[in-house]
Amino acid sequence: MIRIFYFAGLRELTGTAEETAEFTGKTVADLMQWAESKYPGIDNGAVRVAINEEYALPDDVLGEGDTAAFIPPVSGG
Amino acid sequence: MIRIFYFAGLRELTGTAEETAEFTGKTVADLMQWAESKYPGIDNGAVRVAINEEYALPDDVLGEGDTAAFIPPVSGG
Amino acid sequence: MMKAFEVVSHPIDTQVYADYVLRPEAGAVTVFTGHVREWTNGVRTLYLAYEAYVPMAEKKLAEIGQEIEEKWPGTRAAIAHRIGELQIGDIAVVIAVSSPHRRDAYEANEYAIERIKEMVPIWKKEIWEDGEEWIGGQKKKPEGART
Amino acid sequence: MMKAFEVVSHPIDTQVYADYVLRPEAGAVTVFTGHVREWTNGVRTLYLAYEAYVPMAEKKLAEIGQEIEEKWPGTRAAIAHRIGELQIGDIAVVIAVSSPHRRDAYEANEYAIERIKEMVPIWKKEIWEDGEEWIGGQKKKPEGART
């Protein structure tokens, strides 16, 4: 199982801040595809995924207990 | 009569912070020449003269009651 | 006790961060504060709401601090970003940088705010009289050439 | 009551100047502080003594403020310089600049310190263990190219 976080506009799109799913051994690309089918529009080309608080690449593989976060374009400052 | 101020290293060179002298109608260049003969070394090429709190040119003419100041290279900040 | 790179939910006291970076060898300190502005492109903001992925944001702020100390040796930095509801004039972010010489303190400070806007997971929602919107992708807005 | 451009003989409270420049349309505030440094070119400073031609210095500081508001419209500036004996770490000068956008706040602030070092009649004497000297002509030292 992994934990998945949604922030800002994506939290409003998904209607949830956090959920868990079975993605151990799968890739970030798989996760994105799953999210897009569950929450159409989330994969809008501007969203990044972080694994365990580091930006991840599409081919990165998720491990048991990992934390994934969908990061929309940031606007701090 | 005009008032003449000396600051920082020039005050230490002249041994005085302030004096008065008869320069009404004369130029800044005249004042500098007088100061150099009274305090050798004061006209070292780096000193500026201010009249009434504005930097002055050598040809500027002093008026009665003016304030002249010998300004060594500044080092504020 | 403050952390040198932190996300906070209380008003920011800039002095804490300026004091943190000061050392006997530092001749220059720059403190940048980003404030909630009332007007942006002709639209009046009532207030802002900031949200962060806090642990990742603090990690990324610390990374920016490390980048700065590598790029400008002898500097020291501290950064804090506030989250929650902020009113007009409130400080959203503070960046303090000290260095022996002033140029580095300016350059490193400006570098920090640019990097924050690129990669620190913090989001701003603008609330206007007639609506609200999460702001994103700000770094794509033209801001003049980098020096 | 502070003046926006002043020479003071007491410790500088930076908040006063930061508050002065803040307005609802200002999204960015930069505060630069110049501090007494312990080591300069390998020589240990015990303390500094600053002297100013006070009325002219305040006039010149105000002129710098005007130059800034003309060069970077929408900015507001405040500057204070301290005179007298200063210890290591003490603030000698504070420059606060606010502007709608951050780039102007950085640029205008750095412009101010360069101008102060060029033309404001304030002088620094360094006191070391084995002597003392009035410092002058600092702007001729290489500091890297102006941006």
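Each chain gets a letter, A, B, C and D, in the order it is written, and its residues are counted from 1.
Note that a contact is a pair of C-beta atoms (placed from the backbone, for glycine too) under 8 Å apart; a residue touches a chain by one contact, two chains touch by 3 or more.
A quick note: this is a predicted structure, and the numbers were derived from the prediction, not measured.
Between chain A and chain D, the least number of touch steps comes to 2.
Ranked by how far their CA centres sit from the centre of chain C, the chains are topped by B.
Centroids of chain A and chain C (each the mean of its C-alpha atoms) stand 25 Å apart. In this assembly, the C-alpha centroid of chain A lies 72 Å from the C-alpha centroid of chain B.
Averaging C-alpha coordinates per chain places the centre of chain B 48 Å away from that of chain C. Those residues of chain C in touch with two or more other chains are numbered 34, 113. Pairwise chain contacts in this structure: A-C, B-D, C-D.
Chain C contributes residues 14-15, 18, 22, 24-39, 88-89, 100-103, 105-106, 109-110, 113, 143-144, 147 to its touches with chain D in the complex. In the complex of the two chains, the chain B residues touching chain D come out as 5, 7-9, 12, 46, 50, 53-55, 69, 71-77. Against chain B, in their complex, chain D makes its touches with residues 34, 50-53, 55-57, 59, 81, 92-93, 113, 116-125, 134-138.
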